[in-house]
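Note that the chains are named A, B, C and D in the order they appear, and that numbering of residues resets to 1 at the start of each chain.
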Amino acid sequence: MITKVVKNASEAISGITDGMTLMLGGFGLCGIPENCIKELVNQGISGLTCISNNAGVDDFGIGLMLKKRQVKKMIASYVGENAEFERQLLSGELEVELIPQGTLATRCLAAGYGMPAIFTPAGVGTEIAEGKEIRNFGGKDYLMEMAFEADFALVKAWKGDTAGNLIYRRTARNFNPIMAMAGKITVAEVEVLVAAGELDPDHIHTPGIYVHRIFQGTDYEKRIEQRTVRNAV
Amino acid sequence: MITKVVKNASEAISGITDGMTLMLGGFGLCGIPENCIKELVNQGISGLTCISNNAGVDDFGIGLMLKKRQVKKMIASYVGENAEFERQLLSGELEVELIPQGTLATRCLAAGYGMPAIFTPAGVGTEIAEGKEIRNFGGKDYLMEMAFEADFALVKAWKGDTAGNLIYRRTARNFNPIMAMAGKITVAEVEVLVAAGELDPDHIHTPGIYVHRIFQGTDYEKRIEQRTVRNAV
Amino acid sequence: MLDKNGIAKRIAQEIRDGYYVNLGIGIPTLVANYIPEYIEVVLQSENGLLGMGPFPLEGMEDPDLINAGKQTITMLPGSAVFDSAMSFGMIRAQKVDLTILGAMEISEYGDIANWKIPGKLVKGMGGAMDLVASAKNIIVAMQQVNKAGESKLLPRCTLPLTGVRCIRKVVTELAVFEIDIDHGGFHLLERAPGVSITQIRNATAGRLFVPDHVPEMQL
Amino acid sequence: MLDKNGIAKRIAQEIRDGYYVNLGIGIPTLVANYIPEYIEVVLQSENGLLGMGPFPLEGMEDPDLINAGKQTITMLPGSAVFDSAMSFGMIRAQKVDLTILGAMEISEYGDIANWKIPGKLVKGMGGAMDLVASAKNIIVAMQQVNKAGESKLLPRCTLPLTGVRCIRKVVTELAVFEIDIDHGGFHLLERAPGVSITQIRNATAGRLFVPDHVPEMQL
């Protein structure tokens, strides 16, 4: 019988080659596929187009790939907090396409749900609308936005099983489930990998049909970007 | 503080009046809002347009409303198993609009996600396509289908909390979560109602923001339409 | 000539290890009985389940757990439950590897009619239109002639269509056909044990292409 | 004249019992501190959470639990987590009752600019364009003049737009305005304690409509 379980990140990202389009789950540094990113950096695959809500920080997340000049184009909604990113953008080494966050999310959903395009009011009347079809429904204007296409989606879940089913934890869910649905090949790294049957079918966020390869990651750093606390009263 | 919790079905459906459009969750008799349906029958509200995947059986589910001639129009994907339904349809008392099941589901999703229309290939080249806009994406034709509008959505969940969060059980989930998102007013009946905080936020299928009224139902019959068993070996 | 179980058995040979499969009502449901033990297949039920298992034992029926035919079922280890929008989302996105369904008529261009007979009460298309419009790999399981002895493999469908140019493979009690949806025509791939080319010709109203050698099915 | 906390305090008065509220970064975040205890409000964080609570106690930070500003947070009883598609789905479907955000410029027709300054490095719009295009009820919290002393309430925005004809209410350190997005103009509703109409006039570059009596804010 064939299995979706692979040994490690190296095996998981096999087939990713220079110039491909990747989706990477996570919001800020929360819920990012740390192991896969590290392995992309190790292997030095370059010329990549990365679809991800953010671009990491200088020394973590997609920032690590930027530092090694592996990213040709970044498609994101917010890219602050990254000096190397700024440098490459200003020097013209890096292309950047900024997309409203909801549009980014819904273009992933569209891909996963086999819908070629969606309508959203986000960006109507702004520079985001340039060159896009505008359509009025019920007196309100909407932009037609196209489903994403990505060669690989790299996502991070909390728990997964050998059938590829995934469960996310707290707001580390974010873009992961919708990118998991959207990749031509979807790779999931999980903190805990269990046998099929150990997860309650009602608790699963991403059904295994969307996941092609799964492995238990190691050495999760789960770095906090903005540590904020309140004082005990 | 205002509360979403209502006493019973009668209070829950208050405001539903003759001629309104309702969504009713469930697939066959599985996961249907039994208490709300009984109360609709009690109150005899009529001239209703019902959006539901099926139309119940003669003596259960929406069939009970049909028997009392409360339904003016049925929007569904499959309406077999119902003799009274047939009679009313043939006599012209009942309007029926048949919609592919995936189109039905996605038009609910569209309403819940604020998307005025979606594209689906279902029905291209068939009588379903008549009068609809056809659009080609990537060499494939799609129909543009509009988001539903419903005055009330009546759904059934397994567990719910006082904040309106819902958890469904097994395939009784079906259309319930997407209809819950789609009603102008959404009423949820649950088998078990607990205090806010008792459900794991990661397990919730329908966030409470979509639910306006919630109550714990009684006397659930949960009838099985096609009891099928295998022999012990 | 094959019986229903024979058709199911032949179709089961088309299933590959790791496939996600959606089985329609009727003969397609029987296919599950003939999936070899050494391959692993996940059955999708379009009401919202992956990992459908066999019917429950008597007394173990769960009203909250049914398939798209509304029958009580069980779940296998590794199952996942989801709502109907996601279910048809994965169908449209072609995540389901193989769809097996029945038909009333198939045209030589791969059109299919299986939901409505004019003059008879229509019950609805359920998920059939979504499945045929979306699936990349569909096998139709059907009797090749109707009760009146007329072929159901036609130049054009006479009944209201469920989908157009979507069916590429048909398995009947007589044969296996591949359909050339670009140029039209049923290409005979295999014949059922003991069935002659002439029998197949007589039961095929649409254009039939017969190669020099037509192997017999290996069941 | 109000400080940031004063602006937040005034905006908190607009919140009704049972509201679902999305708070942007900056002054809007402070609004949470002034919600009266006798009303219940659910805060949405657009990365995928309803029921956001206060920051955690030291040592209780959870890297898997952050808000849209990437700050560590907590959850209150009744919280629900969801993915980013559902999060913006509920925003587009206008399930969120009130959105409070900051701005660099507001026009007298309710246009807003708050994401990009030409010549400066742009960081991205995040969820701002989705929020302003979708929300039925938006309050902008902002300083009325910029550091150069120029009004940010303009006849037309000079910066690249975030959204058009979407802002109906603005609260600044000087006043509360309602915008007539159909005919254009800032209608003065209230003035901050001790602030004169002249001060407000001088700080408003767009058309200002002043009624005979302008009440002072009750804070």
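By definition in this document, contacts are C-beta pairs under 8 Å (C-beta built on N, C-alpha and C of every residue); 3 or more make two chains touch, one makes a residue touch a chain.
Nothing here was measured: the structure is a model prediction, and the numbers come from that model.
Path length between chain A and chain D in the touching-chain graph (shortest route): 1.
Ranked by how far their CA centres sit from the centre of chain D, the chains are topped by C.
Ranking B-C and B-D by contacting C-beta pairs places B-C first. We define each chain's centre as the mean of its Cα atoms; on that basis chain B and chain C are separated by 29 Å.
If you average the Cα atoms of chain A and of chain B, the two centres end up 33 Å apart.
Centre-to-centre spacing of chain A and chain C amounts to 36 Å, using the average Cα coordinate of each chain. Shown for chain C are the residues in touch with two or more other chains, namely 49, 75, 81-82, 85, 88-89, 91-92, 134.
Shown for chain B are the residues in touch with two or more other chains, namely 106, 113-115, 120, 168-170, 173, 201-202.
Touching pairs of chains, sorted by label, consist of A-B, A-C, A-D, B-C, B-D. Residues of chain B that touch chain D in their complex: 1-2, 111-115, 161-163, 165, 181, 195-197, 201-202, 204, 207-210.
Residues 17-18, 20, 38-40, 42, 44, 49-51, 75-82, 85-86, 88-96, 134 of chain D are the ones touching chain B in the complex.
Taken together, the chain C residues at the contact with chain B in this complex read 45-49, 54-58, 60-67, 69-73, 75, 81-85, 87-89, 91-92, 111, 121-130, 133-134, 160-165. Contact residues of chain B toward chain A in the complex are 106, 113-120, 137-138, 140, 142, 146, 167-170, 173, 201-203.
Only residues 27-31, 53, 76-80, 86, 89-90, 98, 100-106, 108-109, 120-128, 158, 168-178, 205, 222-230, 232 of chain B touch chain C when the two sit together in their complex.
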